[in-house]
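Several structures are given next for inspection.
Two complexes are shown next, each including chain A; its partner changes from chain B in the first to chain C in the second.
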Partner chain A sequence: MPAMIRRAAVRAAFCVGATAIATTACAQTSAVDEIAKYRAALQDGNPAELWEARGEDLWKTPRGPGKVSFATCDLGLGPGVVKGAYAQLPKYFADADRVMDLETRLVWCMVKQQGYSEADATKNPFGGPGQKSDIEALVAYITSESRGVKMNVAMDHPKEKEAFALGEKMFVYRGGTHDFACQTCHGEDGKRIRLQDLPNLMTVAGAQKAYTTWPAYRVSQGELRTFQWRLNDCFRQQRFPELIFTSDASIALTMYLARNANGAVFDAPSIKR
Partner chain B sequence: MADPMRIRATAVGDSTEVKVLMNHEMETGQRKDAQGKTIPAWFIQSVTATYNGKTVLSAQWGPAVSKNPFLSFKFKGGTKGEKVQITWTDNRGDKRTDEATIS
Partner chain C sequence: MRKLAGVYLGAVAAAAAVFGCATMPTDAQTSARAAAVLKASFRANGQAGLDRLDQDDTQQACTQYAGKTPPKDVAERIEKTNLESIVWPGDGKYLGDWKNGERIAQEGRGKQYSDDPKGPVGGNCYACHQITPQEVSYGTIGPSLYQFGKLRGYSDTMRKYAYGKIWNADAYAACSNMPRFGHSGILTQQQVKDVTALLMDPESPVNK
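What follows is the complex of A and B.
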């Protein structure tokens, strides 16, 4: 222990001399650099590819009680069209009379076209040890087909505007046992939890950087995680009531963040620690 | 039956670079489930790479290797259009072989 403290003290002294700004800023920068190096080293063999391959099979194979493939599923660019579809979601779908994100639309297709019950289609949204999630694999495949495409989320329909406004309101709404809002952690530059930098999602640059790198393979979990999972886990960390999978609330928050990311080039599934 | 691997093999100069992603849980045998019961060890024990029927890599793995492992290696020789085969065997005796064409 004493040795560790001594080392920390030496480092802090060095930082003050080097930058003459706050010592924490210096320690943070070096840690961030190391994390960036770690990510770059992993980039080459991103296991997200395994999810993409499984998702492509699921997309093309007839399934469910109706024995129908997703060829008739319209993600917004026409039935069966996957290329670039994710970059313009969430959006309003007239056939469902609802704004939908990708996961919600997939569930809708599974229920309306493939004949699954609502409960069956939503029973396994997030995979875990020994149980793979079809939704996560499908999302991996579909989002990979938008890699390199510019985010272009429309806000023409009144329901799209309504979802965005609701998402914005939720983002700054304080609640729960810790009196937290999304904004508490994601409304200021340079914030972090332990060594993790937190993006400021209220700026265009921050929202773009964050939104375009989800879904991601989480090395610490050995799973590919979707945007619905990301929001669900943020709610858990804030000690909010559980965010219900494909709920209007989850779609509204996604709408707010996706729309703010407009204009950025989509680059996921990525890999995160 | 295990899920397929993703294999990329590229000829670089006089050698071939092979990159493999394997689909495997790689349970260490140290973890416990929600009920507190130990999750039995389940991991890849041996990996073999062959080219033209000749073994170019043979490895013995243990539980310290990560879930969904990534393996990258190079071997001398290999020409475009020819095939590289990768086989793994796990401690349950499950086996998976996939091949890729060198590009």
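What follows is the complex of A and C.
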């Protein structure tokens, strides 16, 4: 991608305008057009399918010390039901007495049903070079089974309401060396960081557009990235300490964004730069 | 039966705790709870310790009025305390080397837990601002700074303002999106001078 931007920029440099300002505006438009073309080209074949296939195997195979599959794992629509499950998460689960997003629920099933220790279930949430993450594969499969389904996150239980309210507050919490909050980059329409468009996640339209396109295969990383990863990496760039996988804050923020995305058609795993 | 009664009473107590005696939590209570939950949801990593989640007065006030303009008295208080804390150059020289300033403006690394604590720390100014016309990969969270000095004049007052703004943006606009680069120890005083030069030196490509 950086090479692509550079090529686009070089091409844009030949774009001549009458004044310096016109030249700049012209260069901008061309670079953005080129990136739009690049993104369109990416849509033709998504390696996320590899993660989806591996995730489906993981879902159906007996595993862990308990040698049981996820057939007994209830993602909110009944034991083993995957179709449409992601589009109604996060939600309150009475058996855990906690609001859970998909990753948190998967870890719960791995610990309570498959017999993994908490440490083993959470030790590899994000894949890297030579290190595949089962969680990412499972998330790829399960989310793919909500493709085309309308987001429908409930807010009936008091703990669901509480999670949303906390997530809304956390979104504007300023901290760290740079005074950044989520809102700093995601609180206004039509903004960019460098050439990257930023969704305004404080509007329903912005939350719908962004939330329904995660998880995503990230070309620049060669990995399928989950929403837990998205939050984790945002906070890294925000200069905060490290967001703990499946922490209450991660679930509250997911609740805030997922609920605001209600009514939009879920369309992931997607592919991004 | 005794056990069942105990469970029942426990449930009532838990429900009371959740509902706070059947009233909704106040906005301030929700904010306090959000801050507490947030702090329990992070772990220290490398140079990013948990103390980064502790807010100073400015961060706290700006969080409270997030998304809204703070009331005039609050904004004035924030600007006053931040202005008073600015460390001005001892020699009265606000401008360093604009070429170095350009490197600092381009550098996105620094202060992330994934960054080498001994490695470079930049301002990453292009993430949010147009600056020199040669760099077309710029963000739009902040205003364009192209021709910053040329449009405003190269006066000492304007040099001082540019330096102060980079050192501590909240001194001039309460709850700015812009980091307080000098105040928060992101950039050194020399680096702040160099970036000031990028904006205010007549020889800088910004002013061509």
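Just so it is clear, the second predicted complex is superposed on the first by the 240 of 273 C-alpha atoms of A that agree within 3 Å, B and C clash if a C-alpha of one lies under 4 Å from a C-alpha of the other, contacts with A are read in each partner's own complex, and residues count from 1 in each chain.
Note that a contact is a pair of C-beta atoms (placed from the backbone, for glycine too) under 8 Å apart; a residue touches a chain by one contact, two chains touch by 3 or more.
Remember, predicted model here, so these are calculated numbers, not experimental data.
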On chain A, do chain B and chain C fit together or clash when superposed? fit
Is A:P47 contacted by the first partner chain B, the second partner chain C, both or neither? first
Considering only the touch criterion stated at the top, classify A:F266 as touching first (chain B), second (chain C), both, or neither. neither
Regarding the shared-chain residue A:P129, is it in contact with chain B (first), chain C (second), both, or neither? first
Quick one: chain B or chain C, who's touching more of chain A? C
If we overlay the two complexes on their shared chain A, which of chain B and chain C does A:Y141 touch? Say first, second, both or neither. neither
Is A:G222 touching the first partner chain B, the second partner chain C, both, or neither of them? first
Once the two complexes are aligned on their shared chain, state how close chain B comes to chain C by Cα atoms, in whole Å. 11
Using the superposition on A, tell me which residues of chain A are in contact with chain B and, in the other complex, with chain C. none
For the complex, give me every residue of chain B touching chain A. 3-4, 6, 19, 21, 23, 25, 27, 31, 33, 39, 66-68, 70, 72
For chain A, which residues are in contact with chain B within the complex? 44-45, 47, 49-50, 53-54, 129-130, 219, 222
If we count contacts the way the header does, which residues on chain C are in touch with chain A in the complex? 18-19, 25, 30-31, 33-35, 37-38, 40-45, 48-50, 52-55, 58-59, 62-63, 66-67, 111-114, 126-128, 130, 133, 136-141, 146, 170, 177, 179-180, 184-186
Interfacial residue positions of chain A with respect to chain C in the complex: 5, 9, 12-13, 20, 23-24, 27-28, 31, 158-159, 162, 165-166, 169-170, 172-181, 183-185, 187-188, 190-196, 198, 202, 235-237, 239-244, 247-250, 252
